[in-house]
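Each chain carries a letter (A, B, C and D) given by its place in the written order, and its residues are counted from 1.
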Amino acid sequence: MKEQSAQVRWEQHTQRPLLALAVLFAVAYAVPIVDTSAGRSLTAVCTVVEWVVWGVFAVDYLVRLSLARDRRGFVRQHWMDLCAVVLPLIQPLRLLRLVSTLLLVGQRARMASQIRVTTYVAGAVVGLLMFGSLAVLSVERDAPNGNIRTLGDAVWWSFTTMTTVGYGDHAPTTGLGRMVAVGLMLSGIALLGVVTANIAAWFIERFEKDDVEERRQTEAIQALTEEVRELRAEVAALRKTSVGG
Amino acid sequence: MKEQSAQVRWEQHTQRPLLALAVLFAVAYAVPIVDTSAGRSLTAVCTVVEWVVWGVFAVDYLVRLSLARDRRGFVRQHWMDLCAVVLPLIQPLRLLRLVSTLLLVGQRARMASQIRVTTYVAGAVVGLLMFGSLAVLSVERDAPNGNIRTLGDAVWWSFTTMTTVGYGDHAPTTGLGRMVAVGLMLSGIALLGVVTANIAAWFIERFEKDDVEERRQTEAIQALTEEVRELRAEVAALRKTSVGG
Amino acid sequence: MKEQSAQVRWEQHTQRPLLALAVLFAVAYAVPIVDTSAGRSLTAVCTVVEWVVWGVFAVDYLVRLSLARDRRGFVRQHWMDLCAVVLPLIQPLRLLRLVSTLLLVGQRARMASQIRVTTYVAGAVVGLLMFGSLAVLSVERDAPNGNIRTLGDAVWWSFTTMTTVGYGDHAPTTGLGRMVAVGLMLSGIALLGVVTANIAAWFIERFEKDDVEERRQTEAIQALTEEVRELRAEVAALRKTSVGG
Amino acid sequence: MKEQSAQVRWEQHTQRPLLALAVLFAVAYAVPIVDTSAGRSLTAVCTVVEWVVWGVFAVDYLVRLSLARDRRGFVRQHWMDLCAVVLPLIQPLRLLRLVSTLLLVGQRARMASQIRVTTYVAGAVVGLLMFGSLAVLSVERDAPNGNIRTLGDAVWWSFTTMTTVGYGDHAPTTGLGRMVAVGLMLSGIALLGVVTANIAAWFIERFEKDDVEERRQTEAIQALTEEVRELRAEVAALRKTSVGG
């Protein structure tokens, strides 16, 4: 019980700093993509920042693993965290670092209420839109037939993809760009699901028909209680007679 | 309690006039966009009407604020109204005036039943389609590569966007036009959510399986009542014997 | 009560013949559009068939109106039927005759169960796809910039529209064609809503968490019954003693 | 009862081998489409494998039919299995063999929990994406105006279709290709429905308002129990008096 609570306490204390680090990571990821005229030194700084943030997340994973009572169970239960830490080491999957960061922060969100779920989803959508735009821009800008060459086009494309509108005025042409697109599409479907489910849950909660059966039960129980009360009075009267007799 | 009721009474009395003003605003907004041959004087009149309507809404906000018992709470709770009043002052956000008007009227709608929610959503969808068409038309008509140049194309584009169909035969090319498009897309997703949630709520309400457990409970209570009734007869008999003996 | 039942009996008896007439109408509507080499006489026959079917539906409406106990209430409640009968008289709305037929048949469907709702929706979807394809084909074939010129393209376009995929390889260019498209889009959203709601209702029904509270209640009632039974045995023993004493 | 259990035991034992055969079938189906330079002998081997797998599924159907207690009921209840076995015999419907295999394996999945349903849907989606890509590629590659000529384009097109994004940068032009597309679109709508329903069911389950009525019932039952207990004490006292007297 104590180890468990140590792990929980660790996760509670590190939640805010890690979120700040994730924002820092996003900035470091965005700068060299958006600012094409960025010098070599700025790009180098950003790369260092990215790796430092990754390192902190990796250390955090190891600390949580060491604090866990059942380590095998922890690895099995938090396999997404493990993927998020290990995958960015492979160079072509560098794109995934931002997703990893999102996941690592997301795993922490203790979902307690419908409002919090919705907030988290809204945050994830904004994060994914930003990530999708930047990732597609960095990949498609140099593609020979690419048609997403400015940040504006990339953001616009992300929106048309995530809402499943898909005009087709801009579309990725490279393999990596299309993988990002698939991610955005699936997120968009999830987003639509969450929005619909939210409204449906609210409707059903609000307009649920009153349960007639239950009210009838309550009345039956009350009638029965009345019955027993009269019985008790009768027995009390009987007792008086019996004692008196 | 009295201030609260003064605020509520104010909102009830102003609801219809403000709705009429909103329609007037929409007309004044639409005329110079649709009628490109409109003279300078007509355009000027429309601009004046727009600003007068905005002024009335601003005054209404101030009156409600002054009638509110807890003014800080009012500002915090009605921050959307504040945005709707303040934002149109910035010139490039002039487009938002129509959205603001929609929001200000919408905030008044007291959602009381599923039918009213659905009516409100249908109204909002029609309003947004009209607003989206006009806004995109006014922005894209003068864009060098724009392909939305007539009211017909604008309305058609709004429908393909809001239903997330997105043929791509017409698509905005300017930043402002794309912001309008994003608004329509998000509204479309919300619309889809409301439609689905409505049907789901209706289905679940209608076809909910009879609760077996509950019927068993009712039977158990009836059996118990029978038991108690027999007990009472027994005690009555006992009393007769006892008195007789 | 008797007039009401006369109306209901009429509706039950006329349901199947009217459905057959609707199918006949659909065939008469489709033939001149699909078979462009159809001679004048065939087209004339089809037009006659269309008008005869419309006439039967109009007569049916009048009979139902005359059988209704509360005629004002009938008109108000069945305003869609009235529109469906009156609108096709206006020539440019000739397209609506097929929709009217669908509506008139659909109004009859007594929705009794989730399965029947789903069947009705599936039927409506097939009917709308057929209607949408034919209507768009007849309108767009002669448009100068039209790109829907064969039945195959029209059906394909209907599917991409109703499922909100919207590739944009084919899209209507005329006002009437676009109105048909908007109808298909909205039907598509409704279709998606029905599909989702169906699955959601099935999930919620199936995986509803066992109500722990209710099971505890049942146990409490059983324990109470046991208690009362022992009490009764006690009173019976008391009675024996009392009589014996 | 025994025949029933024989059928069930057969289905349990054959589930895993049939799944493996389905994967083998998918590989044999994919190889000649993906590897265009595949020699005649490899293609022949794949065709043989396809037919052997089909034969095993046909035999499995016959065994299940012979083990079934009520054979007419079995055929009527499992008409999808029958279609899946019979349809691929018609040459132009060769494409359906993969769908058939999916269906035959899918029918086996005993849906026991929300998680299993979701797993099954995810599996079906992956299978359909793979099938859609391969089928469209094999059909469109040789079409004169086709624009889906590589496996990458086919997979990309499948994703844009199933998520209903539909950029339109790639779209099938042949009748068969479009039929595959319609299948993917409908699957996409079903997928969206399952995702949304899942989230909605989870929300409703989780955030269902506490049933006030039920808590009041529990209290009523407890009060009643207290009443009966006191009654019993009274009767016990009465008995003592009676015996003592």
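Note that contacts are C-beta pairs under 8 Å (C-beta built on N, C-alpha and C of every residue); 3 or more make two chains touch, one makes a residue touch a chain.
Just so you know, these numbers come straight off a predicted model, no measurement behind them.
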item: Comparison of C-D and A-C by number of C-beta pairs in contact, larger one; value: C-D
item: Reference interface A-D: repeating pair among A-C, A-B or B-D with over half of contacts shared; value: A-B
item: CA centroid of subunit C to CA centroid of subunit D, Å; value: 27
item: Centroid distance [mean C-alpha coordinates] between subunit C and subunit A, Å; value: 38
item: Of all residues in subunit C, the ones touching two or more other chains; value: 164-168, 192, 196-198, 200, 204, 211, 214, 217, 221, 224, 228, 231, 235, 238, 242, 245
item: Footprint of subunit D on subunit A - complex, ascending; value: 113-114, 117, 161, 164-168, 171, 175, 178, 181-182, 185-186, 188-190, 192-194, 196-198, 200-201, 204-205, 211, 214-215, 217-218, 221-222, 224-225, 228-229, 231-232, 235-236, 238-239, 242-243, 245
item: Touch list for subunit C against partner subunit D, complex; value: 152, 156, 159-160, 163-169, 191-192, 195-196, 198-200, 202-204, 206-209, 211, 213-214, 216-217, 220-221, 223-224, 227-228, 230-231, 234-235, 237-238, 241-242, 245
item: List of subunit B residues in touch with subunit D within their complex; value: 164-168, 196-197, 200
